[in-house]
Each structure stands twice: as structure tokens, then as C-alpha cells.
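Labels A, B, C, D and E are assigned to the chains in the order they are written; within every chain, residues are numbered from 1.
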Amino acid sequence: MSKVSTQASASADRYVRAAIVVALFVAWEIASRTGLVDARLLPPASTVLATAGELVATPAFRNHLWTTLAQTLAAFVIAVPLGAILGLLIAENRYASEVLKPLVFFVFSIPKSIFLPMFILAFGIGFGQKVAFGVFSAIFIMMMTAFAAVESVKREHLMVARVMGARFSQTVRNVYAPSMAPVLLEAVRLAMIFNFTGILLAEMYASRTGIGNQIGLWGQSFMLDRLLAGILIVSVLAILFNEGIRVIETRIGHWRT
Amino acid sequence: MRAPTSRETRWLIVAALVVLWEFLPRLGLIPTLFLPPLSMTAVALWTAGPEYLSHLGVTLREVGVALVFACGGGIACGIALGSSARFRKLLLPVVSSAYAIPLVVLYPLFTAWFGIGEPSKVVFAAVYGFLPTLLGAAAGVQTIDRGLIVTARSMGATRVQQIVHVLLPATMPTVLSSLRIGGALVIVGVVVAEMLMSTAGIGFLISRYRTMLDSPKVFAAILLVLALAVVFDLLVQTAERRFLKKGRGDAAAQPQG
Amino acid sequence: MDTLHRGEVEVRNLTRTFGSGGQEIRALDDVSFTIPAGKFVSVVGPSGCGKSSLLMMLVGLSEATSGTLEVAGAPVTGPDPDRIGVVFQEANLFPWLTAGKNVEFPLMLKGVGKAERADKANAALDLVGLQGFAARYPHELSGGMKQRVSIARGIVQDPDVLMMDEPFAALDEQTRMVMGDELLNIWERTKKTVMFVTHSLTEAIYLSDHVIVMSARPGRIVDRIDVDLPRPRTFEMTSTPEFTRLRNRIWEQIRVA
Amino acid sequence: MDTLHRGEVEVRNLTRTFGSGGQEIRALDDVSFTIPAGKFVSVVGPSGCGKSSLLMMLVGLSEATSGTLEVAGAPVTGPDPDRIGVVFQEANLFPWLTAGKNVEFPLMLKGVGKAERADKANAALDLVGLQGFAARYPHELSGGMKQRVSIARGIVQDPDVLMMDEPFAALDEQTRMVMGDELLNIWERTKKTVMFVTHSLTEAIYLSDHVIVMSARPGRIVDRIDVDLPRPRTFEMTSTPEFTRLRNRIWEQIRVA
Amino acid sequence: QETVRIGLATQAWWPTVVAEAAVRQGLFEKEGLTAELTVYQSGGETFTALAAGAADVISIQPSIVATGRTKGVEAKMVALGANANYGWNLIVPADSEVQEVSQLEGKNVGITASGSLSDFLALWTIKEEGVTFNSVPLGGAGLVPNLISGNVDAAVVFAPLSFQVIQSGDGRSILDYGAAIPEHLNSGWAASDAFIESDGPVLQKTLNALYGGVAWIQANEEEAIDLLVELNQVDRTVAEQDYREQFAKLSADGILDVAGAQAAVDLAVIGGMTDLAPGADIVEDRFRPVPTQP
């Protein structure tokens, strides 16, 4: 495919995607307005959007949002590189991977919220505890995916780097990282989502501020318009982040035909 | 003295964890409310054995059904999407964005729509496990050698044949890792859904006994979740032995590695 | 289908450019030629002159920028393994399949029965001097052995037209000669049309009815030489004056090109 | 380091088997030879006789089953890019790097500055006839071009000993000759030791001081021929009786082997 | 200035409003304290935080404290908040055919979680009203949606959600637990034995401020309702009802006794709970709150 048509189709894709999203909202609106679904259980999209607008305009809500975002960001910055590097180190060492891979998997398959009390025990309640729990929620998916990503590194490329005297750190940066990029970027995406959800859960469980606290209240008070608006805002933020990753992805993935 | 084999080391670690689990609470370093000694947990599990077994049956059934959708469907869709540049660029952003919606928070609504019985748990867990599996498989497809697909095409392989005979085996390592991730998430999804609202299942026991501050019974249930993960891991390992060991020349590339 | 045309290859005013805008590369420029059915034609030309690009278009794996390509009287629209088989410049073996299964692959796609497949694959492996290697995986084979498996895979398809892209590049002179004779045997027995890309002028003359000589980028046809040596060809012919004359003529063309 | 030994290669009673148990393959059997420092030695032998295996051991990427390997008076224990550089049989370029960056790669590992790196890489690319291709990605290059980038990457490392595994296999005769002369130029200028695997007997004689002839599996050394032709070598020499005599002698050995 | 960490079981429950009112009126400051308010998902989480040392004083129902004591968490109720389940209602959809509790025979009734206060109320209903129905845990956020969608036939709903559902016409109360269940130590404030011993003065000051909050709420109806509207994000009419039926009835002096505690424990036993500490072990009546004046 020539470059012109790729660019053209890329922007066409954007329209198609936008159309899909708009169609979903329209379907939602219609379903709710016509009574196809109970409007009490799914308020119309327009109501939710309006509520979201009001929320964003509320300073108190914005404060909650910032708290959550700051925690999410901090956890992200810790969990992603740490998880990727640990995952790589474990997967690349046969001994370590035989010993640790199953253990990582077992921890990964237990619902993380069970551990929330322990985090309160260890960190109290606050920024640090939320960040720690965010890291805990995200790091395992990062490691698991790094295990998978290592499989996609071609042995020949490692061999070339080795014979040229690459140190381990150099090999990581120059061979592992670019080879693993597509899988790892998916992992980053998932890690962000897990991290975000983890922090929301931790905030719903116990918190002073943060949007999870608000979402908890709205849920328990049956305020669906606000609950859905809050979730919408959270989702939009996550999607923006996702798109950011996509930019990186296309920037570094252009060599893939 | 010879170095312990990986299996031995793994058991050593497990043994150490067991000892810690028993003695940290016994020595009063962790309140038993947060972590009851292993022996207490085991006794709780033993005395309530029949109750646990019947609930385990429910969870197993839910996990089983959700696995089919999440892993089977996730891998199939992931490979189909990943193998077409067009669909990948068009749909993956929508798909991964959809995952950014914190489903756990929406679960109460989810049940209002889908009912509160097993189907809603299965749907929730399937959705929870489906996307990471799909994304992982789709990313895995991108890392394979395009030459192999070109070769198969030149031999007249149909789209289905390309997927079955080239994409699937070529991405087998990533596919199996995705399977692991998807499986773990399905387990987590079912248990979390049961914890949130249900009348049966391991998750139900966890949240019930957690509310009643009966930690030994909570951890007994967690032990069962772990057991589920172990069994699932064994299944994946069997698949790995069957599909992976062949045809990979690690030995030649990294003899000392 | 007109049996007279069976195997005829006709290329008219073929141009192929890569990239777009200022970055455009013209790989092939106004290339026209015909290969009559049942003839053995070699293509020679400097590295990067567009031989592989031409082949990829002829087998329907990439599209012409302008011009037409016809095989057996019908335009090429996509891969058609019954009409055209191809041996790529790179071996492109499936690493998860044994040498035998790699050779069986195209037959499996066509639904040929197990026993017949194995027989044919073994016969083809014998032909390329790899008896006893059917159970080996590609990573256990040397460079030349891999290429020979790839040749066997091309032969086993038994198409009307066989396109081969430098199939003997990784072979030693002795093996190369043996394989050339084998190829001629097959060709004479089955009356296929063969298009053979090579860098060895001796080989081109020794094997072919006609030799197409291409110039450096952008690839153009600079000469088309009829080899009037009698068949069967013998090793001794390579030192006849006629052979030397042909060789020198091509050599001059390539040097200038 | 003893400058007299700098670049000397010594192999004694080398045996290499692959696999184990009943499936054992003996690739090399009791191979001994010496390459005096600063000499140009070619290795020829039938496909699958163990040439690449030998090379992999000499550059420290795989271990001998028995016997010793010494380079510059010290046993080979692992890759040592300052002493030994290697050009593999397959190009093994990093697909995410441009041709230029691929060539710069070994320099980058050594920490050479950006400008110097680019200069050296460009010079090396010029040498292999790829001026102006520095910005291209591997998938945009033809087979022969990829191999030339790989050669440039080997040359730019400037080690004491250069090992090359059929570096010119994918090149047309004209380019091959030009590159051979360039290689001789470099060799004469830098007084490197070169070990050169090739399938072209003419090339082996034309380039070398000595030619090592190997037999088919298990690989043994069947002859070691001194080429007493004066230097610099010229194209005309290839038709001298002496040249023909050497060529025939090797040819006979290989045929028998 | 000393910091006291106050754990609040859910945002919408009355203690959260009381504590927030005390903070806004500057009552903690007057006592020389800084109050750090943390909202938890439910009583269990709050109590766990107390056990973890992440909270000093918490709002809680005594049954949890009684259970906790037998699980090694040594804490006691230190002040009475309410002596009935104000605002708790058994609600059916407005268009339901169910008119009285007995008609729920064999049906599904939504509760928040197994073992929670709502579970206990459902069990109490079964016992006292002689019906048998299935309790279905739905989580706090799942009660009303599943009631509306018909997944359950009735639900045990807490205030102010109960008022909201009734006012909006989505539901109808068939049992008011606040009136139906005899008076007992229903809920209040608790602290760990260790905190009671080592930080008695701080605890006293904290209770002073909290009951200052109660006093302010009960004395300033309009402003209190404004605060309810703001904090719980509910309609004013809901807040008004909430005020009338809950906040106006809160204990103003916080004085508790063993009898009330024992009544609570006995009720919990009716609700099917076992392994409870006796009422005498879970109250500490040393602290008589002296409401701080704004």
C-alpha cells in the first residue's frame, strides 16, 4: 500500500471510529428515550453528558478528579517500568522464569481487592496507599505481558547484539524494547486501565477525597445520571491516554509492514 | 553442594510463604483479622468442607463457561483483527477504549440489565477476560514474520487457512500467554462478581465472611481461588508442552545464556 | 482454458514504484516480455534491479503501479497456486514445522491425503538431497539445507508455471549443479514453464532457453538472449566457444547496466 | 597482547555434535587448523558440512563439544567484538532500524559519538555500493542489498579478525567482484585476519592466501591449499593455468567429499 | 494540635454528616484537634481500618464490635448515636402487588451484603414476621436498580436512599424498621481499647466536637438541611424527610448503657449471628460528651 493511501485511510479510519462512537451514543439515547430500556436504569445519553458537563464545571469535583489522576499517574510511572523490567528479567532467565512465572500467575489470578485491608495496614490511608495499591493492581499484568513479549524477540537479533558485545542494558534498550514494543504497548494500555480501576476501588473502599469516593456515593445513593457521568469522564480520560499510546505506537511501529 | 533445581527452589519459596503465613500472625506481627494463621485457615476449610465444595462447583461452572467466551473468542477475534492491518487500525482503538470503562463500578447496573443469576457473572467475567486476550493476541500477530504469511498466500492459503496454519502457530507463545492472562482475569472476574452480588460461589463466601469478620473462612475461600489458578495453570502448561517446545532454536542462539 | 496458452507468461509495460511523494523509488520501468509456454527462462541483473519485485507481481502478491501481467491468458489478480508456484529468495520455512511438514504444507492446504502428502514430500526432499532430514526442524538445518527444503516445497506444488528467486544462492557449486540437472529433469518431464532468477551467468545459460538481462535501477530489460545449445545440456558445453560467447555477451550488458 | 599473535586463529581437534542420545548428529569431526595472523583464508565445503557451526564456535556464540579454539593466543570463551567481528550467513538486520542505523549499531554499543558513527556508517555503505540508502528500512531493501548492509555492519566494527559466512551469496557476479576487491583493499590496508566462507571456488582462490576444503557430514578438513598467486590479484589471473589448476584440485576434492 | 482520625462507614450514613458539620463549625479546632475524616465502603471496612490502626474513632453498629471482640479486635462503643434503625425500610416497587410482609413468602429480597446490617434486618423480618424469603446480596449500589428491574421483589433500604426511592414514586415501604424494632444501642461511635486507655482525653474532646455537631444540626434545621443537600447530593425534599426522621431523633447526649448494648447483641443473635461478645464487654460509658459550642 502506498503512503498516500495509508494516510488517507488513517484519517478515514478516524471518521469511521468517530461514527461508531456517535452511533453508540445515539443508540443509547434512543433506547432510553423510547423506553426500550428503563430510563431509570439507563438515563438518556444527553442527560448523562449534560451532568458530566456540570460535574466538570464543579470545583469540588475537579479536586477529586485531580487527586485521583495524580495517584494514577504516580502509580503508572512506578508500575510500568518496574513491571516491564521485572518481567523481562524473569522471562529471560530460565531459572527465574521456572521458579517465578507460576507464582506471579497465581497472585495475578486472585482478586486484588481482597488485599486492600493489608494495604491499609501497611500504608494507612492516603496518597501512598492508593499509589501502592495502583502499582499492585497494574504490575502483574505488566509482568505477565512482558513474559509474552519476550517470546516475540527474535533469537537471531539477540545473537547479533551479543556478538557485537552489547551489555545487558544495551540489549534491553536496543533489541528487547523495539522487538517487544507492540506487545508491551498493549500491556501499558492494560496496566493503565488496571491501575486506574485499582485506584478507584481503593478510593471506594476508603478515602477522604478522590473520584472513587464520589462514584461510591452515587452508586450507593442510586444517582445513576451522576454515576454514569463520572464513569464517562473517567473513561474519556483513559481513552485519551490510550490514544496517546497509539501516537507512540505509530511513531515507533512505522517499520512494520 | 549442588544448586537446587528450579522446582526445588519453587517449593522452597512456597514453603517459606507457608511458614510466614503460619507464624507472622501467631507471633502477633500481623493481626489475625488481616491474616489468620494458615493452620486456622486450613481448619476452617476442613470443617466447612461440604459448604465450600458446593460453592466451588458454582464458581467452576461459571469460570468454565466464561473461559470459552473470553479465551476462545478473544484469541480468535484477536488473531482475525490483528492479521488485517485495516481492521486493526480501525477497530482496535475502539475495542481497547471500550475496556477503559471501569466495569466493576458498573456491575450493579449490569445485573439490573442481565439478571442476578449466573449469566451476569459469566458475561461480566467473559468481558473482563476477553479484551486483554484479544489485545494480546492481536499484538502477537504483529510481531510475526510477514514472510511466512506471504509464503502461505502464495500457496493459495485461504484466510481461514492462513489463520489456522500460520498465524496461530506462529503466535502460539503470545497466544498461550494471552490465554494465561485471560484465564486469570476470568477467575478474578467471576470471583469479584460473586463478591459484589450473588447467593453462591467462592466470591459469595469471601464477601459474606468478610462482612462477618471471619478471616479464617475468608482465607479458606482465597485458598480455593488459588487452587483454581493452579489447576488452570497446569492446563496451560500442558498446552505449552504440546505446542511450544518444538521448532525453537534457543539452544543454538544462546548456549551460555 | 486454451491449452496453447497454458503456462504462457506475458508482461506488458510494467512499471512499479515504491513509496510516494518526493521519496518515490522506481523499481521497474516499462518492462515487457513474454515467456512462451513450456520454456525455461532465466532473469539476470544487478542486485536491487527489481527481479524480486517482478516475481512478487507475477505471483499476485503485490500490485503493479501500471502495466499488465498475464499468466496462461488470464490477468494475474492474486495468488493462484495451481497456475503459479513460487520459491522465494528467502527460505521462509515455518519454524514450528519439520522439514517434511514444511514441504507437505502446500499439499495440506489443498486437502491432499496424509499418506500421499508424506510420499510426495519425501520424494521432493530426496530430489534436493535431504533424504533422512524430514523430521528435522528448520533451526536444525544449515543455510543451504533450508533453501533446499524451500525448493522442495516449491516443486511439490507442481504448478504450470514455476517461479524461482535465486533458489541456489546458498548452495555450493557441486550441489548447485546437481540441483540444476534435477530441475531440468523435472522441467523436461512435466513441460512446465519456468522463470528462474539467478546471479550466476553460467547457470542461467546452462539451464535456459532464453535469458532476460535487466539493468540497474530503475530495472529495465536491456537484452533478451536465446540460448541455442542443444538439450540435454552437459557440463562439457559450459566450455564451448558458443557458451563463452553468450556468457561474455551477458557479462558486457550487465557491466554497462 | 603479543602483537605477533594478534589475529591468529587456532583450532585443535574440534568436534561438535548436536542433539543427544540416539538423535545425535556429528556436524564437525576432529577439525584442526591454524590461520596465521593477517592472512586471508577461505573455507569451502558442501552444504551442511559444518562451516557455519565452526564460525559460531569461533565467535563464541556456541560451545565446542570437544577440542580447543584460540584467537590471538587466548581461548574463545564468549563474544569479544574487539577481537572478532562476524558477518552472518543471514543478514539479520534489525527491522526497526534504518540501513544506516543498522550499520551504526556496533559503534553505538561501543559509545562512539553520533557524528563519527554516521560518518563511518556512510563510508561503509558507500563501500558496499549503497550510497543514498542509509535512510531506508530493511523491508525496503532487496535481498542483496540487505546482505550488503550486513557486510557494512561487519566491516565498520574493525576487529582484528573478521569472519564472514557466505557474505556475497545473494549478490550478482559483477557486484560480487567489486565487493571482493573492496574487501581485499580493506584487508591489505588494515592487515586483518579474514576467515571467509564461500561456495564459489573462483572467489575462494581469487581472494585467499589459503583455502580450507571440508568434506560433507561429518565435516572434516580434507585439504588445505596454499594459493601462491601474487598480490594484488587481478581479474585476468582467474584464467591462468595456475588458477585453473587450483580450481580443479579443489573441485575434485569437493566432488569426492 | 493533635490529629484524630475518624472513620465513617459510608458517605450517606448520618455519622458522616455529623462529623462534617462538626468540622465545618470549627468544633474540632475549638477542642484543639484536627479531624481527619475518611469514608469507608461499609461498616466492615471501617472496623477493619480501626483494627489496622488507620482510624481512631469510627461510626459503627455494635454487632460488628461484638463480633470483632471474639476475633481479637479489642474495641468498644463509646457513645450512642441512634437507638433505632431510623430510616431503614423494607421497600417494594410502587406497582408491586405485595402489600404486607407476609406476601413475600418464597420471594427474593435484596440486601447489601451477606452478614451486613441489612442482612440482619432481613433475618429479623423472617423470624419476627414468620415468613420465609431468600436474601439476595446486591451491594449498596445494586439495591435499587435490581428492585426497579424486578430482579428482586423487595429490598431492605437504608436512609436517605429509602426516602429518595419512596419520594420518587419508585418504591413503597411495607415495613419501617425504625419503628418496628424495639429500642436498643443501634449505632454510635467506637474506639479501640488501646486508644481509650492511652488517648482518653483526645477521645473525650472528639466526642465533644461530634456531639457539638449533633447539637448544631438539631438546633439549625434549615442550615442542616442545606448541608444534607450538599453532602449527600440529594433533593431538598429528601433531605427534609431525612432530617425529620433521622437527624432530629439522634441521641443528643450520647449516653449509652449495657442494657442497650445487650439488647443490640440479642437482636444480632436473632439475626443469626454467632460468636458475639456480651453487651457488657462492648460498652465503655466513661465518656460523657459535652457538646462543644460553635
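Definition applied: a contact is a pair of C-beta atoms (placed from the backbone, for glycine too) under 8 Å apart; a residue touches a chain by one contact, two chains touch by 3 or more.
These numbers were taken from a predicted model, which means no experiment stands behind them.
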{"item": "Pair of chains joined by the greatest number of C-beta pairs in contact", "value": "A-B"}
{"item": "Farthest chain relative to chain C (centres taken as mean CA coordinates)", "value": "E"}
{"item": "Centroid spacing, where centroids are CA-atom means, of chain D and chain E in whole angstrom", "value": "82"}
{"item": "Interchain centroid distance [CA atoms averaged], chain A/chain C, Å", "value": "50"}
{"item": "Between chain D and chain C, distance of the C-alpha-averaged centres to the nearest whole Å", "value": "28"}
{"item": "Between chain E and chain B, distance of the C-alpha-averaged centres to the nearest whole Å", "value": "38"}
{"item": "Residues of chain A whose C-beta touches two or more other chains", "value": "41, 117, 121, 156, 159, 162, 179, 204, 219, 224, 227, 256-257"}
{"item": "Contacts with 2+ other chains: residues of chain E", "value": "48, 52, 141, 145, 148-149"}
{"item": "Per-residue overlap in chain C, given as positions that touch at least 2 other chains", "value": "19, 90, 140"}
{"item": "Residue ranges of chain B touching chain A (in the complex, touch as defined)", "value": "6-7, 9-10, 13, 30-31, 34-35, 85-86, 89-90, 93-94, 96-97, 99-102, 104-106, 108-109, 112-113, 132, 135-136, 138-140, 142-144, 146, 173-174, 177-178, 180-181, 183-184, 187-188, 191-192, 195, 203, 206, 218, 222, 225-226, 228-230, 232-233, 248-250, 252-254, 257"}
{"item": "Chain C contact footprint on chain D (complex, rising order)", "value": "18-19, 25, 44-48, 50-53, 89-90, 140-145, 148, 165-166, 169-176, 199-201, 251, 254-255"}
{"item": "Touch list for chain B against partner chain E, complex", "value": "31-34, 107-109, 111-113, 115-116, 196-199, 204, 207-215"}
{"item": "Contacting residues of chain E [partner chain A, same complex]", "value": "7, 10-12, 36-41, 45-46, 48-49, 52-54, 140-141, 143-145, 148-149, 160-161, 164-165, 170, 232-234"}
{"item": "Complex contact set, residues of chain D against chain A", "value": "59-61, 79-82, 85-86, 88, 90, 92, 94-97, 105-106, 108-110, 137-139, 157"}
